[in-house]
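Shared between the two complexes below is subunit A, which has subunit B as its partner in the first and subunit C in the second.
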Partner chain A sequence: MADASIPTPTQEESKVSPAELKKRAKAEKQARRAAQKEQQGVVVNGDNLAAQATEAAPSTPSQLPKVDRPPKAQQQQQKQPKPSSSSQPQAMPVRQRPSQSGAPKPILKKDAPKEDHKQVELFSHLYTQSRHHTFDGVSKDVHPAVLALGFQISSYEICGSSARCVAMLLAFKEAIQAYTTPTGTSLARHLTQHYLSPQIDFLKTCRPISESMGNAIRWLKKLIVEIDPNTPEQEAKDDLCELIDAFIRERIIVTDQAIAASASRQIRDGSVVLTFAKSSIVEKTILQAHANGVSFRVVVVDSRPLFEAKSLATSLMHAGLEVEYLPFSAISHAVKQATLVLLGAHSMLGNGRLMSRIGTAGIAMQAAKADIPVIVCCESVKFSGKVALDSIVLNEVAPAEELLLRQVAKQSDIPEEDGSKGKPSDDAKSEATKVKTMADWKDITNLQVLNLMYDVTPAEYIRMVICEYGSLPPSSVPVVHRLANEGM
Partner chain B sequence: MPAAIVGETPSLSTFLKSLKSTDVESSIDLFISLLKRRQIKNSRPCALATAQLLLRVVAATRIRDVQQLIDRISEVGRRLVAAQPREMAVGNIVRRILGVVREVAEEDERDGSLGSGRVSGAASPDPSEARRPFLTKTFSGMSPLGQSVTVPHDFHPRVKTPMIEYTSPPGFDASAEREVKRPVLPSSASYAGLPPVSSLLSLLEDPLARSPIPTPPPGSSPRIQPMGKITESKEKIDVKAEVIDGIKELLDELEVVDNQIAENALDHIHSNEIILTHTSSQTVQKFLMTAARKRKFTVVHAEAYPNNHDETHATIVNGGKKGTGDEEEVDERWKPLTSMGITVILIPDTAVFALMSRINKVILAPHSVLANGSLLAAAGASTIALAAKSHRVPVVVLSGVYKLSPIYPFDTHELIEYGDPGKVVSYEEGEFMDKVDVINPLYDWVDADCVDLYITNLGGCAPSFLYRIVADHYRTEDIDLGGKGSS
Partner chain C sequence: MFDIVGVYKRLLTEDEDITMPVAAIEALILAIADTPSSTVSETLDLVGKLTAELKRAIPNSISLSAGTDLFQQYLISNLQRPSSGNVDFEQMRAHLVGNGKVFVERAKAARETIAGLGRHFVRDGNVILTNGGSRVVGSMLREAAESSNGNHRGSTRFKVIWVLSSNSVSAAEDESAANIAALRERDIPVATIPSTAVAYCMDQVTQCFVGAEGVVENGGIVSRMGTYQIGMLAKAANKPFYVVSESHKFVRLYPINQQDLGIEQNVVDFRTAKGSVKDEDDARVGSDEGVADVEAQEKAPLSTALDDAVDYTPPHLISGIITESGVLLPSAVSEELIKIWF
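And then the complex of A and B:
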């Protein structure tokens, strides 16, 4: 999963006219971003960006200083140049960007302060980090493998708590191998502070790191500190890599197998298993039960904007299972037939609550109300010492554009219609008469779009948590967390 | 005024236009096929089309006796309901129009039987005795309804309840007594608001005596006056004209229903509230707009993917009036809430539970409301209502009386309609569509205990009270349209 090719912005150069267009749009956006950063007084890499923007779009210099939309639009440019690529069929629909389709609008409409209005106030604490999608401003210390991983994570190509954790550890392995201790210091002292930290920081800018990644990083740091300073460097690095491999094997791969074996025993003949989004353990569990010869049905519930469950449904379909696929709005119908709900986890919180893909709480609630057992499959590496009462404080806000994209892509007839009316760009003048679409949401004051990643399921909806230590009630999560993540 | 596309795709507006030119029978067939093809869907368009069509039917029917008219309407109604049984608004409107006819017929009979000797408003025992032979049939048929109406009132009818079941005269005693107890009645009756169409109370009362009762719908006043005139002049009522008046009044009610509901907005929305709503309901938008004129609050709008999200987005961006089919009101400007200074936060349906802990109130629009206080609404509503319940957030349902159906949800499953799975997964993904069951239910059933308040055009009421409003609006003999019907 970690070996997908590094998407580079340089690919754009190979294309002729559409690429040129996109480059211009991108340059414009970078300029916008730079302008915003300058306004905010954050001069992290603003000059850098602006400089790059000017050289990228020399033909449209007049557009540069003009900021026509709030600069929050930090999308994934590196994916943009190849929308027809079939290598990431899953990520593509979400990643398309509506505003790049036309030429940049040279209308000064919104200033940077407007930006704040597009952030939902309740979640303002979660907007602090904007996602990184380009090479710009990346510390030179960041290892290419980590760089690639970062982009894959931010584009959801690597998605899911354990997948991200494994991919991170593998990338760190490469990074560690490429590391040489500077003279005058020791590996144990220097590696974490000066080499690993920038890597981790970079990953954090791509997407907030998951609990499993946090646990793994903590474990790795502890490991590095404990290295005997007298060990030769290469040997220490080999040891580290071996231990990382062992960690992945023990804490994730074998654990997954153990959990799948244990959880699949909950699936009996005639069961109807309900699951939501995509969890690799749930998938393994279902496939395991299927391999065991149990005859059962699977109901898969999917949600916008990631449509993760579709790939789950596809893989179960290919395995020959009887699969039913429903949109999230249909969960009351899904629950009606189900006999068992299997859920994956982003993290199990210390107070027994489950943090998982947004929507999980709704499913668990419906199932609990219908007295259907809700079982969470979760490796202990995802157990967390954090506690949360609701989904507000601990969460992740994804770019709101992701919510619009698919729908805009689907209604591709709308821009055409606009075109036939002969006024694609000057909607500022005829604002009152023009029929706006959701794609214009940034221009509409008071309209906000919220795209949360996770929600917190109350512990009372969860009947059982299956981890490699066995099956527990949610109240035992902190005990296992201490045992597994802190006691070692 | 309608947009250009109207000419091509059949919709409510094309149907209403064609109604004027085509003959009744083909209009009925056209409506049936539009219903079957879902080209007229959702409660309001269905209700409007049904009322307009029945107006035509009544106008075109030559009636010698009222029963004939009732038979004709129920026959057409049966066909319409059979075409699309899950659009309950169709059946509701048919029932209410039947109620109008029956009411007119009874007044007619009463007038006929009372003759010119009747002056005072109170029904005296003697005339009631005199018309008993006429009324026995309908009256005994209505006794269960009569009980359900009288019981909540006070102890007076309760004493007489056993007698009501045996013979009709005690019922008239009760009515006579209630006439005496006037001060009590308006308060309880105004709760139901005495809508234009018949209620049992109005049946038992004299039309003259009924007029002082407050009738909130503006459309209802014109009707009562001519009726009073007619009664006073002791002429035989022109049944057809009366029925047409009644249907027109019903149409008026359909038109003003949103405004009437919206009048309650300020009683329920206070400043700085965070309100969650779902789907692109016109009623809800109007309600929120009314509140927005006076107060600032925040609206969290769940988008109802995959069946209604486009409309929801359009509603958020362009305002309440949706362009789906019913363009005849397009000239009326519906400002989006955002332009009134209301912060609107669009969320996917999945985020409902996550946000519910911060929501102050949930406002839902039903597809139809059932007699026990439960409701059918767009898919996803059940999750919202349950999440609200588990967070102790009040759920307010805005529903015109025309959505109130006398049906009891014995089997909630059969009330649910399933939509196009292509909206969930594109048909282009052939293998997936082939091997995976893709299901797209359109409605959710929400239990009555998840709802805290209904706001109808008659005012607010608890879900447990809805059966009363049902009793006020529909005749028992009309409830089962599909079966033996009226006679």
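And then the complex of A and C:
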């Protein structure tokens, strides 16, 4: 975990003096050491060192909400070791709070200095997921194809659980072909640990990986380990690429066709199909039913900030379907006319709950209340053994700006827009009484913006899950997960 | 060509204890014995064709399809195994034909096992609500009445409320009469009520037992019309609602609502002074296309009469399914089916 913190650059870095820079380099070095130690099992020590290291770096009162002593004293303590070299054991006082300085904390601070009070405390564990948008600090081992994919993923150019999984496997194919085994080791031993891991780690820094990607990675690693060490390298690589192609074909492409064929049978003449956001499998299902000559209507519900359903509505319209496009705020009206709700999935959890684009749970609840069948279309590669009872533990926090920026651009040419991205301006205090727009949310005290990606839909709202093994009740998801993803 | 429909109907009338899925399996085995086939795929093709024919001829094919699907899957997994290459096909076929009776015997034995398991659910002082003419429910209640005593006078004292189907009293009397008489014979008081009185009686009831024509993939059941409303009323009154069914009635069907059973049931029939609205629609389509008229006439006899009609009880109303392999939660049905099919 500590590794992730090191390459992350802070914006102010260019402005600091060389002396300051040196100090920081030292601190980073120490953090790295600490991380190593941590991995070796010296947890308490490692924690301390890491905390110490971040202390030396310009820090903010990030932990204030959790601290039980007055904030001022805390700040002073943090400032104390600053002038001296951080390598000295002066930072001992930090030890007082070993329980609070958990390992991920320092990273959190480094990732987003100045923004900590803008993080919603309940979801603070999710802010550790960083989003890479630059080449800085990227490991040299990362293959260009993976690099490109990472940026496409972090900018939502490639969005959706299955699409990301396929794109990742294709990029890995290129990466594997570019790989040569160093002398003195074998492909089966070296490839996963020393070559694939940096690629995966890089992808993780771009956006948290989806369940389907996790399942695919697990499958690929197992595959690599099982390679006979006597196989010639090129042959082994070709085999791997072939198997990856087969995986994409069997677990995603053909599966999608099977699901679309099976799910489209649920759409009858006169049906009104309600769907939310965009799922490629739902799109396929609807198009399939349309191709089968069923006459039905589609209600597409969309929501901010991604407006994914726009492209779905467009493609269905072009196919000649009657489409109604509604905002999320109109769900009660949308549900009233529907006869069937079709949903895609980010992941199906082990307790039969559905993890999908945020807002799905609301749709499913409305539909279940109105006794309208809710059907989830989901490839078994997205099934997960994880269990979530709420949307808090497992989730993804997208940058809060995504929730705002579009609006700002539309409203008018606010000159402060540039300032809003950076640090709070100096005159913020003097103009505290001035009316602020949402673009200045960082300057407004007591305002936090939370942009979650997913929510969890209870299993009671789901009447059927359609996967390539057929139609299941949500309670059978773990059975199929064991069968399909764990080979049991 | 082998008369599969005739044989199936004959089997059902000859043996009163036989269930529809078992009759279908037996009919298929007889067909295989009767028709010379020399290869695996030929046999599978024959079974497939006969199954389709049978399903076409019987208006409500849900129950029998449980049997035919199970049999087909059995054939596929047994005949197409890679190891079967060295086993003589003729041998396999002879084995299958010879064991046809075993299927039937096992199915009958299952009912005894279920009765043995289920009788423990019946305790002193219970009032049990049940409906229809399910043989497995009947044998379970008989078993409970006889339990712990050799002279058919049991020590468990319970009462039974039997819901008769209201639309045709005489037919319902026929199918449940034997069960009711058998219980009364064993000193068990039985009350008969029309289905309109279920809600009225529900507060006296301790638990409900119903049979099923088919147990569907999500753990719901397809059963005699009226079962669904008993389930709903039992749920509303928080009374346990148990399904008693052999596991060969598990069927690969997943209805999402009542209209999704895949069979034509003319239950809701809108009428005006001119006649049924549906007929009018058909006639209008018929005048447009000409052919639909013929189709409508062909369809008509297929739709089941109301006393044979079934409804679908969703799994959330069901407390447990008593099968010969134990008492299952509805969610376990899908697991059992996945085990058979994958």
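Heads up, the rule we're going with is that the second predicted complex is superposed on the first by the 354 of 488 C-alpha atoms of A that agree within 3 Å, B and C clash if a C-alpha of one lies under 4 Å from a C-alpha of the other, contacts with A are read in each partner's own complex, and residues count from 1 in each chain.
Convention: a contact is a pair of C-beta atoms (placed from the backbone, for glycine too) under 8 Å apart; a residue touches a chain by one contact, two chains touch by 3 or more.
Bear in mind the structure is a predicted one, so any value in this text is a computation, not a measurement.
When the two structures are aligned on the shared chain, A:Trp219 is found in touch with neither subunit B nor subunit C.
In the superposition on chain A, A:Pro473 makes contact with subunit C only, not with subunit B. When the shared chain is aligned, subunit B comes close enough to touch A:Leu447, but subunit C does not. In the overlay built on the shared chain, the residue A:Arg463 is in contact with subunit C alone; subunit B does not reach it. Look at A:Leu483: by the touch rule set out above, it reaches subunit C but stays clear of subunit B. In the superposition on chain A, contact of A:Met365 is made with subunit B only, not with subunit C. Touching more residues of subunit A than its counterpart among subunit B and subunit C is B. Once the two complexes are laid over each other on the shared chain, residue contacts for A:Phe172 go to neither subunit B nor subunit C. Applying the stated contact rule after C-alpha superposition, one finds that A:Phe202 touches neither subunit B nor subunit C.
Residue ranges of subunit C in contact with subunit A, taken from their complex: 217-219, 252, 254, 256-257, 315-316, 330-331, 334-335, 338, 341-342. Those residues of subunit B that touch subunit A in the complex are listed here as 304-307, 309-310, 313-314, 316-318, 336-339, 341-355, 357-358, 378-380, 382-383, 386-387, 390, 413, 416, 423-425, 431-432, 435-441, 444-445. For subunit A in complex with subunit C, the residues that touch the partner chain are 266, 373, 375, 460, 463-464, 469-473, 475-476, 479-480, 483. Taken together, the subunit A residues at the contact with subunit B in this complex read 120, 122, 300, 302-305, 310, 313-314, 317, 322-333, 336, 357-359, 361-362, 365-366, 369, 390-392, 395, 403, 407, 411, 435-438, 440-441, 444-452, 454-456.
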